[in-house]
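To start, I am sharing the structure in question, which I have written as structure tokens.
Note that the chains take the letters A, B, C and D in the order they are written out, and that residue 1 is the start of every chain.
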Amino acid sequence: ANKGLVCLQDYEQYAHQNLDKNALDYYRSGAGDEYSLELNRTSFKSYRIRPCCLVDVSSVDVSTQVLGTCVSLPVGISPTAMQRMAHPDGECATARVSDKYPTTATSKVMCNKDWGVFAAAGDAGTVFILSTLSTSSVEEVSAAAPHTTKWFQLYIYKDRELTEKLVKRVEDAGYQALVLTVDAPVFGIRRSDVRNKFKLPPHLTLANFKGLHATDVTESKGGSGINEYVLSLFDPALSWEDINWLKSITKLPIILKGILTAQDAVRGVDAGAAAILVSNHGARQIDSTPASIEVLPEVVKAVGGRVEVYLDGGVRQGTDIFKALALGAKMVFVGRPALWGLTHSGQQGVKNILDILKWELETTFSLTGCNSVQNIRPCMVVHKSFYHKL
Amino acid sequence: ANKGLVCLQDYEQYAHQNLDKNALDYYRSGAGDEYSLELNRTSFKSYRIRPCCLVDVSSVDVSTQVLGTCVSLPVGISPTAMQRMAHPDGECATARVSDKYPTTATSKVMCNKDWGVFAAAGDAGTVFILSTLSTSSVEEVSAAAPHTTKWFQLYIYKDRELTEKLVKRVEDAGYQALVLTVDAPVFGIRRSDVRNKFKLPPHLTLANFKGLHATDVTESKGGSGINEYVLSLFDPALSWEDINWLKSITKLPIILKGILTAQDAVRGVDAGAAAILVSNHGARQIDSTPASIEVLPEVVKAVGGRVEVYLDGGVRQGTDIFKALALGAKMVFVGRPALWGLTHSGQQGVKNILDILKWELETTFSLTGCNSVQNIRPCMVVHKSFYHKL
Amino acid sequence: ANKGLVCLQDYEQYAHQNLDKNALDYYRSGAGDEYSLELNRTSFKSYRIRPCCLVDVSSVDVSTQVLGTCVSLPVGISPTAMQRMAHPDGECATARVSDKYPTTATSKVMCNKDWGVFAAAGDAGTVFILSTLSTSSVEEVSAAAPHTTKWFQLYIYKDRELTEKLVKRVEDAGYQALVLTVDAPVFGIRRSDVRNKFKLPPHLTLANFKGLHATDVTESKGGSGINEYVLSLFDPALSWEDINWLKSITKLPIILKGILTAQDAVRGVDAGAAAILVSNHGARQIDSTPASIEVLPEVVKAVGGRVEVYLDGGVRQGTDIFKALALGAKMVFVGRPALWGLTHSGQQGVKNILDILKWELETTFSLTGCNSVQNIRPCMVVHKSFYHKL
Amino acid sequence: ANKGLVCLQDYEQYAHQNLDKNALDYYRSGAGDEYSLELNRTSFKSYRIRPCCLVDVSSVDVSTQVLGTCVSLPVGISPTAMQRMAHPDGECATARVSDKYPTTATSKVMCNKDWGVFAAAGDAGTVFILSTLSTSSVEEVSAAAPHTTKWFQLYIYKDRELTEKLVKRVEDAGYQALVLTVDAPVFGIRRSDVRNKFKLPPHLTLANFKGLHATDVTESKGGSGINEYVLSLFDPALSWEDINWLKSITKLPIILKGILTAQDAVRGVDAGAAAILVSNHGARQIDSTPASIEVLPEVVKAVGGRVEVYLDGGVRQGTDIFKALALGAKMVFVGRPALWGLTHSGQQGVKNILDILKWELETTFSLTGCNSVQNIRPCMVVHKSFYHKL
């Protein structure tokens, strides 16, 4: 299944060769000139790892806790819309992987001979975030992956009743947190989607909205169908006051996704956010936002430990995860990589993606002298400018 | 008309494939090694946008005021010579677009389905600057676009009587400001024009000079015809004292175009300039001048709010405009992009260019939490070095 | 023999065209995205040499002393595993070159007409480090190159008895130091080795382990055979305490190889290390470690002259050696270049490599006004940022 | 003659297509990896020009004085060996151009129609430096260009008598200064010359040495013939004391060529040098020396106006000259560009090169508001880092 595919870039290449143009462009693209898209990747290269040697790493444990829940590895799945374009099982398959993901990892597990299968019998799993714009409904996913730690990514609609009903269904279906996306009052301009007049293939629907607007994205009125959908339905008037409204209709912890400045992070914490997810939305909203890894230190500093801070955007290998953790993230998330795995072989493909990241992260832990996330010290990752003065 | 052309680069590509070499090279080229030409573009990438989230952006208004006049968007048309090489309607078409351009924009307008036509019924329009070296005369343009806010870009000739007559015609034709170009005592060396022995096609004339020198540019004496023209007719002795002379012959406000240092900006304001247009003349004069966006902050600081500061050079997308505004520009202008639009489809093409910029800028406003130009704060744009220290 | 091959890159190219994929990838590759692999090379370019002129350089002597032993040039051979994949003579050939290498060098020697043969009659030689994972045994190498200054690179096995016996054999065979590799509790992920399921060709063995595990690397259980070997046999529990254990079983001086921070360097010296070898293992362990040359200054400063500091990683020409010496290294080592020479023509090829480096270094000495290593002053090499402020 | 060739790069391209490999590689190459060769060019790009506007530039004069002698433009010809490989007239042609070069330049001259011939009637000319290793003798060149300001570049031979005789011939032939090259006790390793076993074509000789060693360079003993020559004959023992010796045998002013640090510059001035020529020998000696333009500011500062400072290395266009002048050079020199002109069309080709540089420099003067070299102020050129902080 995974023969010859040994890193996430291999899966990326596979997906780029096998997805149809409409879906591929939607998954791949970033806003505008795609400068921030590139930056999300290249910025990671600006940080150098300073390993500690001669530490007993006979046992290495990459598990951690997020919002009080154990996860097998500090990598979760970011919400990405419309996963059934990649594979018929869509969000259900992705959610199932997170369910099964193993808690404990030892260096034995890192043995290459095992790496294709080392996650066969896990327990704690990791976090799966379902998008509002999913092609599998809240309930379907819940049924498919009952034991997975599931969070729900929420877009707030002008129609607040509809939104409230959605939140209730999310609670009922056993999701454990709401991830409120705060960077999308409208959608960014992704040029290839405009060129393609992107639409959801007719056999798919926005599954959370059966009956109402569920098939709106299957047509384009001239531009990107998804942008037109967002423009007509999402609430562009969303403001800090609405956090109170949201808290009034749910008891679920609220994570703010899309924060890019210290100021907004502090405001979010003050407003009662349970966690901050530093993200530039996979560089799909405003081109020339900083890379998320560039922003992480200032947010971590501003938040000062009051809540957990997460990051997504450009995470592609174990060292990226390590860098984010050293710079203060409690957890990272991946968006596109899960889509590549899904495209390759559904649930197994997504599992391969997490396997590779876990293998790479465990190797990084071993080679930096970290037995567990607690051992990672801030001084272990520095910006390259650290070395550019004699 | 604009199928598949969704950003300014698409129009650039179209123009590069459809213009003849003589005109294309003239429009495209920069001075010397064209390093500053590249810099005008790449420098914008060095600035990062720091968006604010959770701001009510249900209504977004990108209009502003320049010299007390309302404009629908903070993007005007820079003076570029000889526009009829791009399209038979030349400057008249470009001026007409500026006339019709709509004032108010709301997020409704941003809907993709509309974007090809959303400017159908505007009112305030934007600023059009006519070049001294235009292929349509001051009067023709005025007749073609009577309601447009028109400024006239002035080159001062050794023959001051001729210059004075020209200024009077400009006033009579209803132009509202003079844009004195201060960076062109001679013209920069644009190598392809020298190679091509650039000349104006014989069916066109420098329309403001019927009878006198109007056809001088239709021949080359061995090098670039336009440079030869400038060398023989423009006044290389022009100095700060001449601002007084110009003020003595006109009541129109005088904008200085081509300022690249704080010192000259201050001197210009002291000399009575109504505004400063930071510009390196599209990198066509001295290669290795700084990019205009690099220079903007020091000029804004030096001017200290005494007059408005504008910028042109390398503006190609909504985020570029946003960056210039955050760094203190009241307005930006585009030169080559209008020529690309003109080449594509005359008036409609130029309109498409402005439509795209407006759409991109409105999107940027929405995604940064800015309802209007007043909401843009300096801290929202930083140089990338901001992120390069831990 | 060396016609047309005038620099190390020429030998690299030859090797890349003549090795089979399994061996080539093993020799060439670095960890992960191979960013640090590239960095090991490009970082050298960030340092500029400031030469002194008008110094009498009629005699130039590049010899030095390491751990009290004279060497003809400040370049030794880093331990690289399994050299017989490159040439049937493997480690024996490489060791013999180091033996014969001439001590004295004068500018006469630099004469081009001689450069192919100028090392014909040497005496002091240089240092050869034999890898634990060699395809020639400790004893074979010793017999082949009895007069060479030989050090033994040690990996500590879970099986400490086996390790102890190995150390005794090393002592008995006349090796003069132990080079303890501290950056390899597990092996880094080198993607092409995983793809190739790297294994040692069946006619070769890990010669130091006849009978026990000697042929383990000739098979792959699904991934890189060498990584699987390391994972099952090396002691991942190795810690600073084990330095004491090692000192208790041997009187040989212990050099720590793989130090990348000031902290670990100090700790190593405190623990009794005889020298520190700054190295990122040829960028084969963790991708995005700093280049070794970037790290050198901080280690030199921290060690403060208490022990000698060496460097390997990316040394490819005389100026690289000069830079490392000026930044405080007593000696540098090369890994891959010796493999390229070996691939080209066995012992003669390795000799060519050292000849070229010596020739280049002597030229650099002459042109910087240094007659000997004592004349190299720290101010003669600066980071390029030195020049980037006016 | 110069059709289509409008900048120095055009002549470079012509030469690269028309020279035979032996000569081309010799002319083109730099030391080692040729990193400094590239740096000599790219470093100029790191400096930005800050023009002043609205200055009366109706008359622009680029002439200056060096060592008390008037020159028409602040660009002379660096000594390059063996120019007859490029054209039968060799050094004589190059020297003749410098002779005829016109003093006064006005903006009228810049008119494109004239630029191919504007140097037809000059007077003051510029400085030509003849290499010791020329293929035309001191006397031949003097006879060919009696009115040119000629300097002689001196290499000091082990055979001091020979050297002394050469200096006397130089004085007798009317040369006005000695340019002592201080960066070449041996020659740098230029790989293609080693590969080509570079030699002077048999019909040419080192013309200053008729009878003695004149034909040594027409053979190779295995490597670069010129390096072998230098190694056997030049005095590697040359030191600061020898400046006194040189002063004892000549009354000509002595210019030190090849200084790259403030320290050596001061030492040179203290030793009685009449001027300092900042140069890295066209990046042909040590790879990874700084670019000459990088070094210029520190040398200018250290010299503090006690003597004139010149620069060569990478000067290719008018803005490069302007930058060097603003950073404190009194004059710049070009090496390879003269060889390209010579290759193209002998004397006329070299003249074209100087014409282009003069035209570009006059344009730069006009566009920066400088009427003469006295008007260039240090603040008009800044390192790009000037703009990288907000």
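Things worth noting here:
Here is the rule we go by: a residue touches a chain if its C-beta (ideal position, glycine included) is under 8 Å from a C-beta of that chain, and two chains touch if they have at least 3 such contacts.
All values reported here derive from a predicted model rather than from experimental measurement.
The set of chains touching subunit C and also touching subunit D is empty. Where subunit A touches subunit C, under half of the residue numbers in use are shared by the two copies, so each contributes mostly different positions.
At the far end from subunit A, in terms of centres built from Cα atoms, lies D.
Distance from the subunit B centre to the subunit C centre is 59 Å, each centre being the mean of its Cα atoms.
Centre-to-centre separation of subunit B and subunit D, using mean CA positions: 42 Å. Under the stated contact rule, the graph of chain-to-chain touches is a ring, a single cycle where every chain has exactly two partners. Taken pair by pair, the chains that touch are A-B, A-C, B-D, C-D.
Here subunit C touches subunit D in the complex through residues 4, 6-7, 44-45, 47-58, 107-108, 110-116, 317-319, 323, 359-360, 363-364, 366-368, 384, 387-390, going by the rule given at the top. Contact residues on subunit D toward subunit C in their complex (touch as defined above): 32-33, 35, 46, 182-186, 188-189, 191, 194-195, 220-224, 227-228, 231-232, 235-240, 242-243, 256, 258-261, 263-264, 267, 285-290, 294-295, 297, 382-383, 385-386.
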